[in-house]
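Going in written order, the chains are labelled A, B and C, and every chain counts its residues from 1.
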Amino acid sequence: MKYNWNWGILFEDPYFGWLISGIQWTLMVSAIAWIIAFSLGSIVGVARTVDSRWARGLGTAYVEGFRNVPLLVQMFLWFYVVPELVPEDLGRWMKRDMPFPEATSAILCLGTYTASRVAEQVRAGIESIPRGQKAAGYAMGLTTFQVYRHLLVPVGYRIIVPPLTSEFLTIFKNSSLALTIGVAEVLFQARQIENYTFQGFEAFTAATLIYLVVTMIVVLIMGYVEQRARIPGYGVQREP
Amino acid sequence: MIEIEHVNKWFGSFQVLKDNSSSISKGEVVVICGPSGSGKSTLIKCVNGLEPFQEGRITVDGVSVGDSATNLPKLRSQIGMVFQNFELFPHMTAMQNICLAQTKVLGRSQDEATERTQKLLDRVGLGDLGYKYPSELSGGQQQRVAIARALAMDPIAMLFDEPTSALDPEMINEVLDVMQELARSGMTMMVVTHEMGFARRVADRVIFMDEGEIVEDATKEDFFGKPRSDRAQLFLSKILEH
Amino acid sequence: MLLDFDFGVIIRSLPYLGQGMMLSLSLTLLAAAGSIVLGTILALMRLSGIGPLMWIGATWVNFFRSLPLLLVIFWFYFLVPLVVQRQVDAFQSALIGFILFEAAYYCEIMRSGILSISRGQASAGYALGLRYSQCMRFIVLPQAFRNMMPVLLTQTIILFQDTSLVFVVGLADFMTSAVTVAQRDSRLVELYVFAAFVYFVICYSGSLYVKYLQKKIHR
C-alpha cells in the first residue's frame, strides 16, 4: 500500500478550523433536531395509546409514513420539494429569505423523522405499564389528561431512557446526511479535506474519532441520567 | 346509596353480567363472593364506571354512572377503590401517592394534603413509612397505603376488589384489620373477597355470584346459616374445607 | 402545484429507474446475506465465554454502531482501492462496507435470539452427545433464526432504505437514478415524490408482512 502519511495536516490552517466548525454544525443540528424529535415524538407516541380512534390513526399514519421512506429521500423532499408545495409566499420566503436554508431543512427533516422513532419508544414505554395503574388513576377521580400527565408519561419516560439515548445517538449519526444538501458538518469537512489534500486516511480517521468520542460522552452522561431517573426497585433493567 | 338495576354487560358476544340488581344502603358492608370468572370484579368496576355496561342502570348517591352527562372523574373521586394488585404508582413515595389526587382533583393545598396524609398513614399503622417507595414496602404495607390513598378523598363509599388475594398469608390480617376498623366507623363498603372469616365478622350482607348472575343476596346470618341455592352450598363447602 | 405534476417524465424514465431499483435490490440481498452470516459469527463470539473472542465481538459491535453509515461508505470507497492497489467497482466497495457495518446490528439480533432459547435446549443436545458446534447448528440456531425472523426482516427493510446512501459515491441505485433524472429534466418535485412513494410502498408492504409473520409465530 503506497501512501504518503501526513497526520500533521489535520492541525494545519485552514483544515483544523474546518473540522472544528464541522463539529459545531453537527452538534447544533443534532441538538435542535432532538428537541423537535423529543417533543413531537412524545405527542405522537401518546396519541397512539389514547382511546380516540382518530388520534390513534393519525399517530400510526405519522409513524408508518416517516419510517418507511429512506431518510435521504426525506432530506431531498424537505430541501427541494417542500418549498414548491407550500403556499407560494411561504415557498418564496423559504427559498430566498429563510436563514440557513440547508441547516433548517436538515433540522426539520431529522427532527420529524426521529420523532416517528421516539413515538414508538414512548408508546412502548406507556404500554408496558400495567393496565391497573390507569384504572387506579381513574378510580381516584383523575381525568385522562391527569392520568397521562402524572402517571403514565413520567413512568413511561423513565422506562425508555436507554432506548431514547440510542435514538439521540441515531440523530447524531444521521445528521451526517445533511451533507447531501450542503450542510458543512463534520463528515462534509472531512471529505472536503480529502478533496483538497488527498489525505483521505487522516481526514476520515479524524471524523471517525470525533464520532466515537461524542458517542462515548453521550453514553456516559446518559448512564448517569438513567441512574438518577430510575425508580427504586422498579423493573427498569439493563441488558444482561 | 348504591342502586344496581338490571345491569347486563357483554364482552363481545360473551355475557359477563346477567340482569344484576341490588341495593346497598348507607353504612352497609356487603361482601361479594363467588367462583373466579363469576363477574364479581366486573360488577364492582361498573359501580365507579371503570367498566362500561350496555344495559341497566347504576346510581351512586343519586348520580347515574352510565349516563354520558355524568362527570365521571368527580363521581370517582367520591368513591374509593382498592385493587387486587395495589396499583400504587411506582415513581412516587407512599406520601406522594396519597397526596396526588388530593391536590390535583380536590384542589387541596400541599400543606393540607400532607397533614391529612400523615393522619391517614397513622390510621393504617404506617405513620413513619411515608417516605418509602412502593417497592420498598411489603405487600401488606402497600395495600394499606392504597387504602389510605382511597380514604384521602373522603369517599362516601369504598370498593374493594379482592384486596388480599395477591398477599402472602401472613400479611392478610393486617389488611383485613384496617378494613374491619373502617367498617366499624360506618363506611359504606362493597368488598369482593374469598375471605369468609372476614365476611362472617364484618359483613351485613353477602352477595353470591356465579356465571354472571347474582344467585344469592342475603343477610350474613341467612347466607352462612342456610344458603338456598345448590351452587352457593357447593361454593361454601369448597371454600370452608380449608 | 400538483396540477402541473408531470407524470410523463416518470413514465419516460421508468426503464432507467428500474435498472437502478435492480441494483438497490441486489445490493440489499447480497449485503443482508453477508451480514447475517457475519453477524451470527460475531454473536457466537460474543457468547463464547472466551475472553479475546468476546472482546473482538463486543468491540466490533460498539465500534460500528457508533459511526454513521455514510462515514463507513466513504471509508471503503476510499480505502478498498488503496488496499488492493487497483481500481475497484464502487459496488464492491459499498458491498463490503455494508456487510461489515450491518453485521454489527444483525449480531445483536442474533445474540438476543440465541439468548431467548432456554439453556435446557442446549443441555438436552449435549445430553444426546452432540458437540458444541452441532448443538448450535441443529438445535439453537434454527430456533433462534425462527424466533428472530421478524426482527431480521425489519432490519433488512432498514438495510434496503440504507442502500439509498450509495448516492454519495455515485453508484447508480434507484435513488441515484432518480436524482440523475430529476436534475437532467429539472423535475425535482416529480422524481423525489415518486422515489418516496416507491420506497414507501416497498417498505410498508415489507413491514405488513413482518406483522403477519409475528402473528404467525405467536400463535
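Rule of thumb we're sticking to: a contact is a pair of C-beta atoms (placed from the backbone, for glycine too) under 8 Å apart; a residue touches a chain by one contact, two chains touch by 3 or more.
Since the structure is predicted, the reported quantities are computational estimates derived from the model, not experimental observations.
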item: Interface with the most contact pairs, given as the two chains involved; value: A-C
item: Relative to chain B, chain with the most remote C-alpha centre; value: C
item: Mean-CA-position distance for chain B and chain A (Å); value: 46
item: Whole-Å separation of chain centres (CA-atom averages), chain B against chain C; value: 54
item: Length of the line joining the C-alpha centres of chain A and chain C, rounded to whole Å; value: 21
item: Chain C: positions in contact with at least two other chains; value: none
item: Residues of chain C touching chain A in the complex; value: 1-2, 63, 66-71, 74-75, 78-79, 82-83, 85, 115, 157, 161-162, 164-165, 167-168, 175, 179, 188-189, 192-193, 195-196, 199-200, 203-204, 207
item: Parts of chain A lying in touch with chain B, wherever the complex brings them together; value: 130, 132-133, 135-143, 146, 150-151, 154-155, 158, 231-234
item: Chain A-facing residues of chain B, complex; value: 45, 48, 50, 72-81, 83-85, 87-91, 100-101, 104-105, 133-136, 146, 149-150, 153, 159
item: In the complex with chain C, residue positions of chain A that touch it; value: 1-3, 64-65, 67-74, 76-77, 80-81, 84-85, 169, 173-174, 176-177, 179-180, 187, 190-191, 194, 200-201, 204, 207-208, 211-212, 215-216, 240
